[in-house]
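As structure tokens, here come the structures.
Two complexes are shown next, each including subunit A; its partner changes from subunit B in the first to subunit C in the second.
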Partner chain A sequence: MTRWLALAVGCLLVASLLTGAAGPGVPDTLILWQIRLPRTALAALVGGGLGLSGAVLQGALRNPLADPGLLGIGGCAGLGAVLAFYWGVSAVFAPALPLAGLAGAAVGCAFLLGFAGRAASGPSLILAGVALSALAAALLALALTLAPNPFALAEITFWLMGGLEDRTLTHLLLAAGPIALGCLTLLRLGRGLDGLALGDEVAASLGVPVGRTLRLAAAGVALAVGAGAAVAGGIGFVGLVVPHLLRPWLGERPSSLLLPSLLGGAVLLLAADLLARAAPLLLPLHQEPRLGVLTALLGAPFLVRIARQVAPGGMT
Partner chain B sequence: MEFRRGPGASDPWWGAGAKPLPGSGAAPRLQRLAMLLLLEALLLHPAYAARVVSLNLCTDEFLLLLAPEQAVAVSFLANEPSMSVVAGVARHVPQVRADAEAVLDLHPDLVLAGPYGAQTTLALLERRGTRVERLAMPQDFAAIRAETRRAAALLGVPARGEALLTDMQARLDAVRAPVVRARAVFLQARGYAAGPGSLADAVLRAAGLADAGAGGQPGLEALVMHPPDLLVTATAPDFPSLGTDLLRHPALKQIPRREVAPALVLCGGPWTAGAVAALAQ
Partner chain C sequence: MIALRTVRVRLTGRDVLHDIDFTARAGEMVALCGPNGAGKSTLLRALAGLLPEGRAPDPRRVAYLPQGARCAWGMTVAEVAALGRIPHGDADPAPVERALQACGLNGLRDSRVDRISGGQARRAMLARVLATEPQVMLLDEPTADLDPAAAHEMMALLRTLSRQGGCVLTVLHALDLALRYADRVVVLAAGRIVADAPPESVLPAAAAAFGLPWGFDPSPRLLPPCQS
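Right, the complex of A and B next:
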């Protein structure tokens, strides 16, 4: 399975580099390096980070509805990035952009884990996440309203419905490090997550350091999601959909889902971004559809399906 | 005499703090002018207004260039040097938001506004008997002439309007038509290219350039594949936004670039000739 997913990532990377407004096929070197490469690599990185974060959150919180976007972590990251960008901090010190996104995501993670520690029941955690994402979206809109540039207000759509068009190599360099570090942290949590799946007490009796695993999970998710949201805006549902799509093949064990979810997330976001770029070439559109819109169109019905499945028995 | 050229009467002022407010030293002359204007207004121009509030950056600029002594309050953007050509004067004028209560509290004789935005506020003001005039957003130099004359007439200072237009015409006439018209694209926030019928298009053509933009978003890849001879942008670097960040994309670095002060092209007015002069060099 992992091998097939890696192959799919490879095919989509090539297809993505060969598709664009300038027409299909190998483009001008400048277009290839400066326009398509950053976009393609960011789609793979951001998608991989979101897919892996979703798998880790669903395992660590023992909640099938956990998703960095749904829980508001992506929103908090976007808020941090907006504050750094529109007040000119990132113009002076470029790494402030991913760092602020990271800080926002870390605050969101800390809040949710603190909440989950006290009231572990599934629905209440999701409700807390919904509240957090509503708060983050409202503060983000407020921050853009108050931004020094009066035209910044028009950019709310970007942050709420993220996208990757016209990103530069600088964005790629800024985001790649934190996302890679976050993914490495999360990939090493497999055994701990397997233990947590049996409950905190059982995990502790098996010798799993529960607190440390949760803290590492939070740090990893903050790194992977925070830096991604800082350059890509709010892209939802990837972390929710990918682990669910993979479970029928790979089973329920969180550790066996980690690497496939990383690859699956990259596949999903690369495919969605490819679709966004191909749409104006195939259909009479004068604008690309937003990337976040495409993932939401896929993810929202999926969420309804999962909610129907878990409703009768209640969430564990 | 020291004040040979009375401020406001005949010499146009191009903003950014270079010229002070009408000072006390010029008061006798200004008062004479005001008396003359008042007489003229009573006899010929029933539209003359004494207390004017402006709620839109573009009308702020017309008001403060044509009749700063009548300005009771202007919008907060008038104060911003990167967007307003009258920031130097606006610093000394109170600010007001487009808020019916705040405006009514100022008891204006005339409220100047743009054609878009704050329409419910304007409707409320009109119901309360306040005179509201909506100035159009001129998109070419003929419309700029018409709108300047209309604003000058509303403020009761037609001579100042003509003075501004004479200066604008001199700047436009100073442009020498080039032998070969370079193909230029005026690229705006979010990668929108100015198209025919826009103010940016009028500026490019007046500067002796061929406007290669066709409106809409050409996209980075198309611009790199078919680069124009010149890329014209008008951004305020102090105010980062994603939309203008795009204009600094490294893939565009190979296309020759000319920056225009955004204040000159944000609103169409006599000052827009300054953008033409900058591009024609």
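Right, the complex of A and C next:
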């Protein structure tokens, strides 16, 4: 399965490099390097980070509904990035954008894991995430209201819907490091997450360093999601959908889902981004649909399906 | 051997355990009995090193099965049993095989733990404990929600394990099982050990702890599958 996913990532990477706004074809070198490559690489990196983060959060929280977006971590990252935009810091000091996104995501993760540490049941954790999302959205709206000029407002709103067009090599360089570091951190947590499937106490009695595992999970998710949201805006549901699609094939052991979820996230976002580029050619649209809008259109019905599967009392 | 000396445990401002002096030896099966809230589970968790100030024992040596243990994911029985190898940091299939065999789970190895019966799921959790091949097993109510036949089977299995040199310490609500299978019965009441005796002489103290009279009852009853 992992091999097939890797193959799919490879095929989609090539397809993405060879597909432009005007349709498929081999572009000249400048377009390939300056436009297609950053977009393609970012789709793979951001998607992989989101898929892996979803798998790790679901394992760490023992909750099939955990998703960086749904739990408000993405919202917090967006808030951090918007504040960097708003104060103009990102114009003066480019790395401020991913750093602010990262800081926002870290605050969100710390809040949720602190909440989960106090023995919260599954539903109450999701509610805490919903509260966090609402708070992040409210603070974002406040920042937008106070935005110095109307163009900033439009720019920020557009950016929040998520997308990868017009990203440059600078964006890629800014995001690649933190996302890679976050993913490497998360990929090493498999054994601890397996132990946590039996509860914190059993995990501790098996010698799993529970506190350390949760802190590393929070740090890794903050790095991967925060840096991703800072360059790609609000892209939701990837972390929720990917592990769910993989479980019927790979089983439910958390560690066996980590690498496949990374690859699956990359496949999903690369495919969605190709779809976004293809849509204006196939449908009467005057511009590309936003990537975040596409993943939400795919993910929201999926969430309803999962919510129906999770029987009352089945999620604890 | 596992030992706990003059321990006092305070949780949420209340003494849950005081002046505990407790030792269990290899090859011994000890049952912990007592009324609800006597501190049985707390004593087990203290021995497992799970209390805030406790020092954790070597996880390869001491395995712990909490009350109502369950798996959050629909993992297979074999995958759950293999979690017992986490303390050793290996994926050695041989101990996992032996554990599945001992718990009679060979036919269910690829079944999901959330799609088998409660008794089978409990045996899967015990297989996880056995796969660690620990010297000491701390089991909290391993026979809860088992039917009588399965409960007897489980107790007989635990007794066999202790005869093979393991130290089995199990919290039990079913006093009749404790009296039938344990080498020693420790009775806890209000956080203190009020009796620590072999089954044949512990009944008066146990009855006093529960506030029940005791005597001989000739009414017909279920017997274990094989009398030993």
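The rule we apply is simple: the second predicted complex is superposed on the first by the 306 of 316 C-alpha atoms of A that agree within 3 Å, B and C clash if a C-alpha of one lies under 4 Å from a C-alpha of the other, contacts with A are read in each partner's own complex, and residues count from 1 in each chain.
Operating definition for what follows: a residue touches a chain if its C-beta (ideal position, glycine included) is under 8 Å from a C-beta of that chain, and two chains touch if they have at least 3 such contacts.
Since this is a predicted model, take the numbers as computed values, not measurements.
> Scan A:Leu198 for contacts with subunit B and subunit C and give back first, second, both or neither.
After superposing on A, A:Leu198 lies in contact with subunit C but is clear of subunit B.
> Check whether A:Arg62 is in contact with subunit B, with subunit C, with both or with neither, and answer first, second, both or neither.
second
> Quick one: classify A:Gly88 as touching subunit B (first), subunit C (second), both or neither.
It touches subunit B, and subunit C stays clear.
> Contact-wise, after the overlay, does A:Gly207 reach subunit B, subunit C, both or neither (first, second, both, neither)?
second
> One more residue to check, A:Arg253. First (subunit B), second (subunit C), both or neither?
Second partner only, subunit C.
> For the three-chain arrangement built by superposition, which of subunit B and subunit C touches the greater number of subunit A residues?
Larger number of subunit A residues touched: B.
> Inside the complex, what are the residues of subunit B that reach subunit A?
Its residues touching subunit A are 77, 189, 191, 216-217, 219-222, 224-225, 236-243, 246, 249-251, 254.
> Which bits of subunit A are touching subunit C when the two form their complex?
For subunit A paired with subunit C, touching residues are 62, 191, 194-199, 201-202, 204-208, 251-254.
> Residues of subunit C touching subunit A in their complex?
That would be residues 45, 48-50, 56, 59-60, 62-66, 69-76, 79-80, 83-84, 86-87, 89, 112, 125, 128, 132 of subunit C.
> Quick one: which bits of subunit A touch subunit B in the complex? Just the residue numbers, please.
20-22, 27-28, 30-31, 34-35, 85-86, 88, 90-91, 147-152, 154-155, 158, 166, 168-170, 286-287
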